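Chain lettering (A, B, C, D, E and F) follows the sequence in which the chains are written, and residue indices restart at 1 in each chain.
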Amino acid sequence: MSFTHLDKSGDIAMVDVSGKPGTLRVARASGFILMQPETIERLSLDGFPKGNVLTTAKLAGILAAKNTAHLIPLCHQLNLSWADIVFDVRKERIVIVATVKTREATGVEMEALTAVSVAALTIYDMCKAVDKSMEIGSIKLETKTGGKSSVTEGYR
Amino acid sequence: MSFTHLDKSGDIAMVDVSGKPGTLRVARASGFILMQPETIERLSLDGFPKGNVLTTAKLAGILAAKNTAHLIPLCHQLNLSWADIVFDVRKERIVIVATVKTREATGVEMEALTAVSVAALTIYDMCKAVDKSMEIGSIKLETKTGGKSSVTEGYR
Amino acid sequence: MSFTHLDKSGDIAMVDVSGKPGTLRVARASGFILMQPETIERLSLDGFPKGNVLTTAKLAGILAAKNTAHLIPLCHQLNLSWADIVFDVRKERIVIVATVKTREATGVEMEALTAVSVAALTIYDMCKAVDKSMEIGSIKLETKTGGKSSVTEGYR
Amino acid sequence: MSFTHLDKSGDIAMVDVSGKPGTLRVARASGFILMQPETIERLSLDGFPKGNVLTTAKLAGILAAKNTAHLIPLCHQLNLSWADIVFDVRKERIVIVATVKTREATGVEMEALTAVSVAALTIYDMCKAVDKSMEIGSIKLETKTGGKSSVTEGYR
Amino acid sequence: MSFTHLDKSGDIAMVDVSGKPGTLRVARASGFILMQPETIERLSLDGFPKGNVLTTAKLAGILAAKNTAHLIPLCHQLNLSWADIVFDVRKERIVIVATVKTREATGVEMEALTAVSVAALTIYDMCKAVDKSMEIGSIKLETKTGGKSSVTEGYR
Amino acid sequence: MSFTHLDKSGDIAMVDVSGKPGTLRVARASGFILMQPETIERLSLDGFPKGNVLTTAKLAGILAAKNTAHLIPLCHQLNLSWADIVFDVRKERIVIVATVKTREATGVEMEALTAVSVAALTIYDMCKAVDKSMEIGSIKLETKTGGKSSVTEGYR
């Protein structure tokens, strides 16, 4: 197996997908943002706008997924059939899971990873005035289906 | 201290910086991408294009730093005086450190964090054909100077 | 019938179109910009550059139509087969009609409405030095064909 | 008074603001979206996600305000100090008011008008599955301060 | 043969490609940047970062190719299957050749020409501190295949 | 004199302009597009839309000038005070001259060169159905004032 984005002379290269069929492809990625428990408690208080922080993060993540090919230089443009992000708010972290679908000729793992990353950055931005020690972690691919390589789980 | 991006009724809100002076502001953020040691070895072999993977990641990170206000919904537009990214290639991870400067009216921590995130995603993209278990981790602010709150180090 | 952009728990959601076929879909939207009659007269004088104001508005509207999925957060990316804008210059208003076609899996009404809106804003921008009382109005969908719901006319 | 965006030969032209000082400039624009009363009722029901529709519209409007110079061809790039949008939900319409501030060398009325337009389009997008007769109307400048021409109110 | 981007009344117009099939289409364009021989020598010295200037130019060109429909107003959006750029470093010029493929309904010559142009501009940017007399020249289409008109060579 | 975009180890680098004052800076660049004389004649016929082709090219060039920092990876973001493009239609070529001004901390030659390049590409796009042999040539900096290095003319 070789680096698909580097040609034989070691130069960067985009992968030629002109011979690949468009089929349903799905990817799911996850990550989390560590926060002070008090920050999360404040986000969760009745009447407090947790929904708005997470809604903002979700929208930013979806917009970023659609913009992936302009952020990651060698990614292909892919019109997404669906992009979704769900959050699991725990005691000291918010877990972020993004799922992306396309019917085009190459996989959407970078779109899912980008959605998670930008959603996490948006939570960071909205909470940074009250929490100086946040940390974004463990962004990884969970599953990928469609195309020739279906990965069901990372092994770290 | 309160959530600056939420107004009193809990609605989202951009912070009004029209009364803040433009001064030199610097932020440094870091993160890493975990990779199989063999992937990193292959990147480091003589004649192998490690430079190209990292050059691509650096350019993507710098471009993303300049694009932060269009990725993170409530971030202010800031014309950057400088954005730089350095990499520390270790046995099983590549550490990424981004430094960003501006002379505008608000801080650049989100630009530094975005640069790290997109540089990491770009490395992921370029190596994903040979390594299915990469993971992006520990993205955090290292230091921030200028403006009223100078943070010297995170405390996790 | 339910809000397609909100899931059962009331959260925002993009519609999953991965099961919808790509077919020819057309949408036409309209709107107008009210202007002082003297402003429109000046635009219409022989040798006066009406064409240039409207050409600028048309280009801005077409570019915006192609950019819709990055402006409207939950819109799908659609490669447009055609986008066109025509203007009807009347005594105290310019009527704007945009028609958009695609062969992708979901409708293009938002693209047509966005084209009208940005064309109107561009006329506003180019005339605002001579007319302080312009108003953009009545932006609505005229017709939509293709897909399961073909609407022939709004009923306000 | 003459068309600032057209030079003497009638050609389009950007206004040269290199001799204008950067000072605080504020603009406020408004508009509304007409909807079926039942649509608005459904949006307002207890537990229903009105907040999410309006939060999405607000974020889209703020992002668009920051992107105005790339949407309206002859607009200057302006780093905004603040952009805000408030909604007034009435029986058969949602009124949208956007306020934008900058400290740069030219006014921000186009940014405010763009924020209103894109917020309205976003509400349209999120409700179009349940209401086929929406109409966006009456987008206009309310007030503009700073610079040489301070307009306090439109006169239609 | 007529101007496809102008309708019968001389107005600008996007071409309607809704009736054209998606097939494999390839275009190759070239151009060069003239530089002082000493500038090129310095780029070519052992240990000198020629690779990085050209890698940067290549990435910028590929990103621009993917962004063509947002730069050239009447171009169609096309998801590219592949975009590649190669450089031929000569005594006093660097020749740039870009190849682009798509499987969509219209040709990719503008994408190839845009890739060459932005790659050349990027080399200019990176070398302008040491060479004040660079010049970008001879940007033209080399070949185009697929669709009804296959051009094998320009005739200037 | 050294390559400002490469640090001592040969790595790419953005120039740090945080210590440079914002002053008036102007750059003028030129280039041309060679066309068949008959193509230009057709563009010039009475009633023919030369104005529209050139208006489209001018708008595309101005929009691109404002977007330069997102096209050329190591360019600084600069809010432009003015960007203008003029055309000189000759027997077998259209000469394009772009002038750009800013009051920020670094020069605008890349913005002027980008404006010329994208204006030329837009003319190419609009005429390519009738002329298969166009060629874009001789894109270079004419003058640059402000900052420490004022260049009055290239010397090729």
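Rule of thumb we're sticking to: a residue touches a chain if its C-beta (ideal position, glycine included) is under 8 Å from a C-beta of that chain, and two chains touch if they have at least 3 such contacts.
Because the structure is predicted, anything quoted here is derived from the model rather than measured.
Contact with both chain A and chain D is made by B, C. Hopping across touching chains, the smallest step count from chain A to chain C is 1. Averaging Cα atoms per chain gives one point for each, and the point farthest from that of chain A is the centre of F. Averaging Cα atoms per chain gives one point for each, and the point farthest from that of chain E is the centre of D. Averaging C-alpha coordinates per chain places the centre of chain D 31 Å away from that of chain F.
Put simply, the C-alpha centre of chain D and that of chain E have 37 angstrom between them. Under the contact definition stated at the top, the residues of chain E that touch 2 or more other chains are 11-12, 52, 55-56, 59-60, 63, 67, 73-74, 79. Pairwise chain contacts in this structure: A-B, A-C, A-D, A-E, B-D, B-E, B-F, C-D, C-E, C-F, D-F, E-F. Residues of chain E touching chain A in their complex: 24, 55, 58-59, 62-63, 66-67, 79-84, 101-103. Partner chain A is touched in their complex by these residues of chain C: 11-18, 69-70, 73-74, 76-79, 104-105. Taken together, the chain C residues at the contact with chain D in this complex read 1-6, 10-12, 31, 34, 42, 47-49, 52-53, 56, 59-60, 63-64, 67, 71-75, 109-110, 113-114, 117-118, 120-122, 124-130, 132-141, 151, 154-156. Here chain F touches chain C in the complex through residues 51-52, 55-56, 59-60, 63, going by the rule given at the top.
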